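Shared chain: subunit A. Partners: subunit B in the first complex, subunit C in the second.
== the complex of A and B ==
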């Protein structure tokens, strides 16, 4: 007797496994337990950069658009929410709303100007716009942003009478938002829109020929990605109770690029894994040398050369290869159709 | 409306702008040659310029001659460029076109830290070369000799570059490979070697920019990224992959930066990005960009 064989459709679906919503809840469970394993500040950083990376990954990993100026959205989110709290006495939710809305408007502007351009061109232009914001905050707008000192004297925030300036409450506050964003990202990727994104990355010309407006979809993804960036920036402001000028610095844009590639662009958990590994490396190397950029940069170069899929992408390839090999071994047993 | 004094200030600032722009021209033309030939946007371009600046510092302190400094800077950095192209970029050709950009970005993060370990955090000054330290009077204008030298030197380099590309056999092959690399290969030329030469040429030009800038700026580990950004802005303004665009864009940005630092000092860093945004609005492919390449 031969063992029961799945139909060919089941086999193929198995090879191209989509992230099931269990992925979201499993990730949330791990993140909930994270402060038990590593220090709370490190865990909080992982969540903030993880949210930032999820949005960046939608753009780079799923649409194939490389933005080298994502610090603009992160920093603008931090400054907009911080300024709202400091000067207008905005509450925490109003501040977060401001921190999300302002970067989305900026993304509309940058997208309208540049999203039509070819990949490398868009990368250069977005980088330049990021620098423009950095220099604007540095000196012409110094009287509002406090220039190099960063934005201080932001009132302490509370939510449901939880003091958000204490490490553990802020961690679980950000954790709750991270879980919402994880679920939202999963829903976006599983929606027809999400499939469209992947279709573009694989073959933009063909998607265009099928009648899809590729420019419009890229534009929407950029704005959506700015939402994540702004949210992460606003949360970073709440966490630090301070907005450093470095939130707008080019290295912030570079860091999110490195984290996303390290974790695996175009994979669901890649940005979170990338943020965790990157921050862990940075913290560990900083213990014995201030020159962590040398090591992180070198590791990044090695990843680009040897594993462009990043950690999760490489794991996915290995798992898929194993699955295919197993299926191929069984293939002769499949009765020929017709 | 304009008094004589105002005109003097105007011409002085124009002169500063042209000298600054000359450095941008050298930077951006290197970037353009590399992009045109290899389709690689070299994020580490400014990093190569920074290495050029340090090479001048080392060579001048060893030999005492600025000319030796410039020549060795170009030679050393071009050699580093050859190694980078052979061992790091070559494996990425034919894959995702964003990978070379990301790889050179990684270099621009790692290499400045290496320089910090070797040379320390503080800037390394290089004295003005002898005979170029004073100033020349031209009517009411006081023109610094070194800035005059930068302008003339850039002009000489550009003319020799033009002659090389237009008149020499190798230049002809480089121009042909920029147009259609595959066809050149079909005709029996080893394009792989041409690409290596092109990358060395581009990084050599970057080193030249860093080398002639160093007496005015001093060599610092973090000057590279700033120079990369400037080169990107110039390239977007002038048009990607166009040598003429690099020249006009470089001079234009140099003059704009010089005038804004006179009129509104705090906006001097922002001005070139504004200029880029305006160009993108009215002429998205840049001043000299070919349509279809944007």
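== the complex of A and C ==
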């Protein structure tokens, strides 16, 4: 054996390599160039749903909690920011802040009430809350939310004298925020909390036996994912200059589940890839048939059968298998010390 | 007394899985719990570790009543259990399995600092991997380890939480004869060298008789006998219910 001091240092280096943010900047580069390849509105949708998905993925992909009412956070973010701009003349940053804060408060409430419920029970409770919000906006609060018509007459927004109602400026505005969120997500996943989430994804029971308060972890993650959902909703409001009632509809909740699973739950880029593939298919197929849901559904089934872990999840499995094969090949050369 | 239960009971409907057991563990002791299948060994573990709430009775740790604490809270106090069916983090590396357990003693809710900068944790994880002889495979995914190695890894995970009491639930289950002997050696080392107090549920009589200071025999949820390995193996009742059965198993 080599002298222990030196080998200890190399050991620490190989098990605990300094994490590199390359993946964040590479993804940002691709997103920056996206409007050159596909239409700007489609690219904008991908960013908004990508942010929504990143937050949803933290919850579903890591803690395994299925929220089937995530439209509540998305829609509430959109309405809160839209109402703030329309009725209180809030500036764009204040509106975004309102669009983030309101869903986080809602998540605190739902979480305190229901996060201990497992699996399908939590999914049902979250769905019920989502539908409650939908019907609230539809009729009792109609005089504020404009009910079925959706929230209109939101003043046009400007940032640093960029007109945000034009497609390209709003795209790059949302792109900047997406990059920040990508970086934030990456930092979180590399932090002790993020490492815990990864462990949680692998085995919740073991994490609990290690002394982690798993209920608290789920609660925090729910609130964190509401932050992303609310932000995505607020950006959607800025982009459309309008809040359609459908942002609160259960179909929105279903779509984010599909996108996340399609891209690969529990992977860093999965939600973004899932949103991109889903929206691209929807966009392309709806050009030649109004029954696009049928085809997107069929393709969804086909992809999930071919890639059980979602697109990025399957890629990760392949990479991991290669790595394992390499390590196993090398193993006999290093005699294990008895 | 380090750990003590007082008339502890757990009933599942009509089944009295554990029925009024007084269990004690002294500081630094290695004590085994044996008994036929369904005697209530694992249930007793789960009652001590806070997985189940007892139907009646109390659990004390250093004279503190811990009856109503849950699993993660008893773990924080220093009572760590391993599972009859291996519980590891299969998709993480061997190193990360142990590191994440060590991290639980430092910082769970830090969202921003990179784990790269928590150097003592990394050092500690490596030290534990050396103890459970998995250092060479530190970069392997835990799912690619052999059965025996996984059992070792689980012990490593438990050690990383800096336990004062280690509850080992059939650690040698499914191991080969050679692996079993090595595992028994490891458990003895943990007890003698690291001065860990250990409670062991085990089916392999050679392991139990070889390394335990004291043995508690359970049968149908009740204490049948208690004493040194010699006293227990000389006990008529024990021979009838347990050891006799073991001979043609």
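Note that in this section the second predicted complex is superposed on the first by the 301 of 338 C-alpha atoms of A that agree within 3 Å, B and C clash if a C-alpha of one lies under 4 Å from a C-alpha of the other, contacts with A are read in each partner's own complex, and residues count from 1 in each chain.
What we mean here is this: a contact is a pair of C-beta atoms (placed from the backbone, for glycine too) under 8 Å apart; a residue touches a chain by one contact, two chains touch by 3 or more.
This one's a predicted model, so the numbers in the text were calculated from it and none came from an experiment.
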* Partner chain in contact with A:307 - subunit B first, subunit C second, else both or neither -> neither
* Using the superposition on chain A described above, determine whether A:25 touches subunit B (first), subunit C (second), both, or neither. => neither
* To do: Return first, second, both or neither, reflecting whether A:208 touches subunit B, subunit C, both chains, or no partner chain.
  => second
* Asked: Once the shared chain is lined up, is A:217 touching subunit B (first), subunit C (second), both, or neither of them?
  -> second
* Scan A:116 for contacts with subunit B and subunit C and give back first, second, both or neither. => first
* Could you say whether A:298 touches subunit B, subunit C, both of them, or neither, answering first, second, both or neither? => first
* Considering only touches as defined above, state whether A:190 meets subunit B (first), subunit C (second), both or neither. => second
* Asked: Once bound in the complex, which stretches of subunit B touch subunit A?
  -> 35, 41, 88, 91-92, 95-99, 101-103, 105-114, 116-117, 225, 229, 232-233, 235-236, 240, 266-267, 269-270, 273-274, 276-277, 280-281, 284, 293-294
* Asked: In their complex, what parts of subunit A are in touch with subunit B?
  -> 64, 66, 68, 113-114, 116-121, 123-125, 127-129, 131-132, 135-136, 138-140, 142, 250-251, 254, 257-258, 261, 291-298, 300-301, 304-305, 308
* Structure fact -> Residue positions on subunit A within touch of subunit C in the complex are 8, 11-12, 14-19, 187-188, 190-196, 198-199, 201-203, 205-214, 216-217, 220, 320, 323-324, 327-328, 331, 334, 336-338
* What residues of subunit C sit close enough to touch subunit A in their complex? -> 49, 71-72, 75-76, 80-81, 83, 87-93, 95-97, 99-101, 103-116, 118-119, 122-123, 125-126, 133, 135-141, 144, 157, 160-161
